[in-house]
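Labels for the chains are A, B, C and D, by order of writing; each one numbers its residues from 1.
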Amino acid sequence: MNRFSVSLPGLQLKNPIMPASGCFGFGREFAEFYDLSILGAIMIKATTVEPRYGNPTPRVAETPGGMLNAIGLQNPGLKKVMEEELPWLSQFDVPIIANIAGSTVEDYVSVAKEISEAPNVHALELNISCPNVKHGGIAFGTVPDVAKEVTKRVKNVSRVPVYVKLSPNVTDIRLMAKAVEDGGADGITMINTLTGLRLDMKTGKPILANITGGLSGPAIKPIAIRMVYEVSQTVNIPIIGMGGISSAEDALEFIYAGASAVAVGTANLIDPFICPKIITDLEQLLEKLNIDHISDVCGRSWKHGISGYHCP
Amino acid sequence: MNRFSVSLPGLQLKNPIMPASGCFGFGREFAEFYDLSILGAIMIKATTVEPRYGNPTPRVAETPGGMLNAIGLQNPGLKKVMEEELPWLSQFDVPIIANIAGSTVEDYVSVAKEISEAPNVHALELNISCPNVKHGGIAFGTVPDVAKEVTKRVKNVSRVPVYVKLSPNVTDIRLMAKAVEDGGADGITMINTLTGLRLDMKTGKPILANITGGLSGPAIKPIAIRMVYEVSQTVNIPIIGMGGISSAEDALEFIYAGASAVAVGTANLIDPFICPKIITDLEQLLEKLNIDHISDVCGRSWKHGISGYHCP
Amino acid sequence: MKKIGEMKIVSQKEIAKNIFQLILQGKLVSEIERPGQFVHMKVGEGIDPLLRRPISICEIDRENQIMTCIYRTEGKGTTWLSKKQQGEYINVLGPLGNGFPVQMKSGKVALLIGGGIGVPPLYELSKQLRNRDIQVIHVLGFQTKSAVFLTKEFQRLGVTYIVTDDGSYGEKGFVTDVLKKQNFDFDRLYACGPTPMLKALEQKFPEKEVYLSLEERMSCGIGACFACIRPTKDREDKKGYRKICSDGPVFQAGEVIL
Amino acid sequence: MKKIGEMKIVSQKEIAKNIFQLILQGKLVSEIERPGQFVHMKVGEGIDPLLRRPISICEIDRENQIMTCIYRTEGKGTTWLSKKQQGEYINVLGPLGNGFPVQMKSGKVALLIGGGIGVPPLYELSKQLRNRDIQVIHVLGFQTKSAVFLTKEFQRLGVTYIVTDDGSYGEKGFVTDVLKKQNFDFDRLYACGPTPMLKALEQKFPEKEVYLSLEERMSCGIGACFACIRPTKDREDKKGYRKICSDGPVFQAGEVIL
C-alpha cells in the first residue's frame, strides 16, 4: 500500500480515500458493512454546539446525475459527539476529521476548541459553506474577509490543523482560497454543494421543504475539478478534493487536478461499499498507468516542472 | 395551439420553445429534419463584428449527464450573417433572436446596431457570459456595473428589444439581473454554461485544447431552475429560461420557476428532433395537468397571489 | 445483517393497472427478519436515476431464497424496473428497517389495514400471523377497480373487506368507512398506506396497540444521511426524532408525528 | 437524406480482441450514398453517456437494408454497445458526412491504407471500387495479432499486405514500411487511421490524389455545433475551416491541416 500513503497537516493517510462529511454519519452504519480501519480518514457529520434537528422533510430530491439535499446540519451536538461518537470511532485505526459548523464565529470557536481535544480528531474541517442553514453558513463561505476571520479565530484555539471547506457558489473561488490561506488554514477541502432547486410537476412547488438544496453527485464533478485546478495553482496549502467521485478514475482526476487526497460523498448513499471499492480499484489503476506513487501525479494537469504547492 | 402563445418584448411566440444559441447554428442543418416555422423562435449562434475561427480542437468533452464545450464563438462574422444567414432564415415564419458577442463594449454596439436592422431579427440576446473567450466575455458577465453599462450602450442603438444572457458563474445572480434591468434590458435569458474541466486519464492533461469549457446539459438543470426562481422574484422583466432542458417536463419546470419561455440547447445535439418533440409533448402535458394556458403557471413555484413580475 | 448483491428476476408481471409483481431470488432473502422490512433497489444502469428506490417486501420463501415485491410505476425508476425481464439481475441492498412485530398470543385478533400500494407488506405479515394462529381481518382500500390486486390471496388467509374510492370494486368508500360500519373487535392494528389514512387510524384508536408503516423520501436507506427524519411526538424524547429507514419504517402510533 | 431511427441488431460478435462486428437493419441504410460515411449512435439509455458516438459504416447490403459496423471498445459508450444483443434496437442518426469518392476509370489502381480501427470503412470502399473494375491494393496495419480483423475479406477483393507493430502477424512494422518496400504504382490513395499515419502519407505522396478520412471529437455530427473543426491549409480559403462531420470526414490531402 505504499504507493498510496499521503501525509498532510495532522494526517497520516494510509490511502487518499475518505468519506465526505454528512454522507457517512459517524460511521456506525458503514461499520456494519466493512472495517472502517481501511479508510484513509473519516470526515464526520457537521457538529454544532447544540444538537440540531435540521430542516423539515422532504430533505432530498433527485436530479439528473445528482441529488439535492437540505438536511440542515442535523446533529446530536458537541457534547454527545465528544462523549459517544468519537469514543466509539476510536476502536478503528483511522484519523478523524471533524467537520464543524455554526451560526456565529463564536460557535465555530467553541466547537473547535473542544472537539480538537479529542484524541482521535486529527484535523478540523470548517464548514463555512453549508447552503442549507439560514444564519451564517453561506455568508461565511462567500465573503473572503469573513472567511479569513473565522479561520483565524478557529486556528487560535484549535489543537489540530484546520482545513477550510469552500463553497462553489462564488464568482471566483481563488479569492476565497487565498483568504483562508491568509487566515492561517492548514489545508482546503472542496467543494461543498452547489445550490439547486427542483419543482414538483403536479403542484409546481419545490420538492424540498427547505425550497433549495445542495447539489452533489456526478453532475457537479467537472465544476469541482475546475475549481481544484484553479485553487491548487493559487495557494500553497494542500487540498482534499471532492464532488461527484464514484470511481477510482474520478479520484485520480481530482489528484491530477491538484488535490492531495479525495473525499467521497453521495456515492456512499448509493453503494455502502464504494470507499473500499475505490481503494482497491485505485491501486490497480495506478499499476495500469505506471504511476509509482499517487503524489507523483498530484497537479499533473497543470504542472510542467514543479510550481506552486508541491503536493505531498 | 392557443394555450401556447406567449408574447414578450419584440416577440410573438407561437409556443414557448426555441433552440438556444450555439446549439442550432443558423438553422440550416435542422431545416433538413423539420420545418423551422414550427418553432417559437430561433436563437442564432453568437455573431461578432469580424469572423472568428474559435478555439483549437478538441472543443467538446463529455461529463456525467452533461458536456463541456469550448467552441470559442466561432462564427462567420456580422457581414456574412447579415448577407447570407438571416436572409436564408427569412423563408421561415419564425422570429429570430440574434445572439451577439464581442471583446469590447464597442464590439457589442457595432453588431447590435447593424444586426437589429435585419427584418427578421425581433430581439437581441447579449452574450455577456461566454466563458470561452479570452478578452472581455466573462468580466462583462460577472461585474454588475460592467453588465449594466454594456446593456445601456446596446439599448441606445438597438432597434429591437434587448435581452441579456446571464452567466451562472457568480455568487449572487440577482445582482447581475438587477444591474441589466437597470441598464434597460427588456428581458433576461439564463443560464449560460458553468465553467468546468475534464482531465484525460492517461495524460492527466485537460481534454479540451482550451483547458476549461462551458458545462451544459441535464446536469446543470437544478442550478438553472434555482437561478430562474431567484431572478424572477427580483426583476420585473421577463425571463427566457434554459439549462439542461430535454423534455416537456423540464420545460414546464422552468416555467414554474418563473420563465416565460424556454430555450433548448445541448439536447439538439443529441436529438435533432428534440424541439418539435417537446412542443408536441408539452401540449399534451398541459392537457394532462389541466393547465389552460402556459402563462397561467409562470412562476407558480413562488407565487401565492400575484407578486413581482406577472409573466405574460 | 444487511447485504448488497445482485438478485435474479424469477418473474415479473403486471397484476393490475401499472402494478407489477416482481419475484427475486438471492442470498439476501436469508437475512430478512420480519414482515414490513424493505429493500433498496438500484434502478437504471448508470447515474440516472442516481438513487436507489425503496420497495417493501411482500412475501418471502426462505427455502428457495425467493422474495416477492409489488410496486406501482410512478416515475423513472419504477418504470425502468417494470421493463426488466426474467433472468435479468437487479442490484439490491437490504433487508432494511425493522418491520412489523409479529410476537402475539395465539387466538388473538389482528386487524390489517392497507391502502393502495401500502397493501403489499401486509401480505407476508398476515401469513406470519396466521402461522402463529392469530386471527386476521383485512381491510384493503384501492382507488378503483383496475388498481385492485392480491385480494384472493388475502381472502385465503382471513376475512377481507375491499373498498374502492369510486365503488367500482367492493364497497364504495374509504377503509375508515368499513371500520365505522363493522366496528371490529381486535387486539392489535397494523396499517400501511397514505399518510391521511394513517393519521385517521391513529386518531380513531388512541387506546389500541397500533403499528403504522411510514414513507419518506430517502437516499441511503441505512440511517446514515438523515434524509428520512420524523420528529417524535414526545417532546422530552432524548433524540427528538426517528429515522424512517432504520428506526422504522414501522412505528407504534404515537411515537412520531405523522 | 439524414434520418434518425431505431435499427435492429441482426447480430453482434467479437471478431478480434475488443473488436466487435455489429450488423444492423433499418430504413436508414437506403440513404447511404458513399463508403466512408458514418452514423451517430445513441449509447446508453439515459443521460450518461450523453452524446452519440460516431462509427463508420463498414459494409452495406442495400437490398436487405442491412449495414455492418466494426468498432473497438474504448470507453463507456462502446462498452455499452458491445453488450447489446441480437434483436435489441439502437437509435441511430445517419448517414452522416460525405465519404470517399468512388468515381474512377475502370482499370485504374487504387491503394487503400488502413490503420487499426480505421480499417473498417475501407472495406465497403474496396468492394465498390472492385465493382467498378478498379484494381485495389490493401495495406493494413494493426498493433498486434489479437487485434487483426477482416483480412480474409480484404484478400478476397485484392492483394492485401498486413503489418503489425510487433510482427506477431504479417510483417513487422508500419504501413509506411510496406510502401517503401513495395513502391506501388497507383492512381489514387485512400487512407483511414491514426493521424500520424495520415500525416506520413500526405507527406510521402504530395503529387498524388490522396483521400484521407479524419477523426475529431464531435457532439452533433451534423454540422451545427462547430465542435469538429479543422483549419484549411489554404490561408486564402473563404471560410478557413472545414467541419469534419459534415464537410468530411474524408478530405483530399492538403485541404485541411492534419
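Simple rule for what comes next: a contact is a pair of C-beta atoms (placed from the backbone, for glycine too) under 8 Å apart; a residue touches a chain by one contact, two chains touch by 3 or more.
Only a predicted model underlies this, so the values are computations on that prediction, with no experimental measurement involved.
Look at the CA centroids: the one farthest from the centroid of chain B belongs to C. Measuring from the averaged C-alpha position of chain A to that of chain C gives a distance of 36 Å. In terms of their C-alpha centroids, the spacing between chain C and chain D amounts to 55 Å. Taking the mean of the C-alpha atoms as each chain's centre, chain A and chain D sit 46 Å apart.
The multi-chain contact residues of chain D, meaning those touching 2 or more other chains, are 47-48. Of all residues in chain A, those touching 2 or more other chains are 63-66, 218-219, listed in ascending order.
The touch graph of these protein chains is complete, with an edge between every pair of chains. Interface of chain C with chain B (complex): residues 47-48. Residues of chain B that touch chain D in their complex: 22-25, 28-30, 32-33, 45, 51, 53-54, 57-67, 69, 71, 74, 76, 207, 217-219, 246, 266, 268-273. Those residues of chain B lying in contact with chain C across their complex are 64-65, 218.
Contact residues of chain C toward chain A in the complex are 1-2, 4, 42, 47-52, 93, 216-220, 222-231, 239-241, 246. By the touch rule above, chain C contacts chain D in their complex via residues 44-48, 80.
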